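When the chains are written out, they are named A, B and C in that same order, and each has its own residue count from 1.
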């Protein structure tokens, strides 16, 4: 168990070192996120609906797009020089490989979200500071589910034709439950609703995260073993 | 005094593997011991790469068995993968990492003690010590091949597999590689070398085999000179190709 | 018998089953239109219910079959299981499309809107996206073994997803009361309506089985032919 974690950390560390050396993917994801947020501002009628009503939806659609961008890199970077074979040759278990990739993706997507959130608060004048704790918790939970499934899907998508198109097609049905839960919870958090209104969605999200993490770990090896 | 019963380092029995309708391997058998070098010659499409990938644990066979020191490598835990090193056409290296970073990473995966020191030692062994901080993406083909060799030997495997390692190397680099492979033999490691270059293969080999259309046509200790081999190889490929 | 001959025998038999099922389906329509009472509040438009609901049942059944075959495939690596899953997905997506088309046809005269985000219809919509992803993935992978593995992984995850989609939709719906008070299924079903529904359900399942068998037999024959061609070439 400890070995799995050690290997996963080594793999995640390697991914993040490569990623932040080149920075292209990260900066692109950031700029893209800012752009999406800006476009949303002009994609609505400011007199008809207040920003706070639409805000949760906007936030989560933005996060989804940014996340999808980030997910593709994870296995794409193993294609150069067939580095994936090097990983498979090593004693590292397939589970360690999956977890390492999930960790690296979590850091990547998490950083994009951490920068996008203040931007969102500024653009739409949404008071997030007061509810930062619960909000971050919701973001973390939804991101875990999203990244767990997305990492697995990217492992499949990377070896198909049209990989960049394939990943969203595979992912989007799986995003419906966590995004729905996240938006509902975010809306209630902004509106200061009591916890009892949130707990149902919270349970759904946690159940989703646990169920999919477990199943993804179980089936991951079939996406890479020949 | 009778020596205690000992398993050969590498045993392969009736190995077979298909990809859909294509039968890449149709039953391969051989046994190798420490210090033995098997050179496998064969045309493209003979299944040589498939054989090596199965030996390395990258591919599962449909039939047959691979035993490392008497223990199955097919149903293997990670521990068996530790005993094998593979050098292929692709280097398995990250362009965006330096030479030492690449080796340290692999050292961590193989659980070597003090990955940094081991990485530097491995670089010295392949004469790349002064390139430790060079990014793999900027290295020449010859340097990359040496780095790949360092990577493959970092964890001191009993068995070293080489898939056409001389491809794309110039004279100097090929000579350097040959010297290193001779050293492997002296270190009593077991080597399986796949090549279509008869001369280079013969120089290193203790045993030879011809692989054609998924099978070994001939497999025996080295016997005869280059001219003999050229003749027999031509016959083998003509008869079974 | 050679592999091709076995496949062709299966093709003939499954074709017979399909024809029988279609004939029975015609019988269902006749019964529904002529011999089942008209529903009081919704009128004749309600009769599409006898096609809509059983189709939905089959649509979800088909994905359950995909899920089960996917799990079994990853355990046993038997290509026939992959073929069944693929056939079930292809038939399933057709039934799902049917549900999504008959839904609006029913909704418009009764509720005045082409689409309502009714719980079941919403779930079916996402089921359709799942089928789409599964089928597109299959076309994007060339090598058989890889295609089967990837499809099986997606099949398992998809089957796990369906209950979560259901739950999400239900929880979402309880916040947004339906625009119309009418329950699409009708309050309780009197005897003859229930009989028609069950009859339709049975026939739809039979049709599903025939169609899946037929697709399976087609795939089997195509693969047998490809192998014969590969053997001849050698």
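FYI, a residue touches a chain if its C-beta (ideal position, glycine included) is under 8 Å from a C-beta of that chain, and two chains touch if they have at least 3 such contacts.
Keep in mind the model is a prediction, meaning the values are calculated, not measured.
The central chain here, found by comparing per-chain C-alpha centres with the mean of all protein C-alpha atoms, is A.
At the far end from chain C, in terms of centres built from Cα atoms, lies B.
Of the two chain pairs examined here, B-C and A-C, the one linked by more C-beta pairs in contact is A-C. Averaging Cα coordinates per chain places chain A and chain B 40 Å apart. Between the Cα centres of chain B and chain C there is a gap of 50 Å.
Chain centres here are Cα averages; for chain A and chain C they lie 32 Å apart. Among the residues of chain C, those in touch with two or more other chains are 145. Counting only residues that touch two or more partner chains, chain B has none. For chain A, the set of residues that touch two or more other chains comprises 226. Listed in rising order, the residues of chain A touching chain C in the complex are 149, 152, 156, 159-162, 166, 169-170, 172-174, 176-177, 180-181, 184, 200-201, 204, 207-208, 211-212, 215-216, 219, 222-223, 226. Residues of chain B touching chain A in their complex: 53, 56-60, 78-79, 81-82, 84, 86, 88, 90-97, 101, 105-106, 108-111, 151. Here chain A touches chain B in the complex through residues 3, 6-7, 10-11, 14, 17-18, 21-22, 77, 80-83, 85-93, 225-226, going by the rule given at the top. Residues of chain B that touch chain C in their complex: 19-22. Residues of chain C touching chain B in their complex: 143-145, 226-227, 230.
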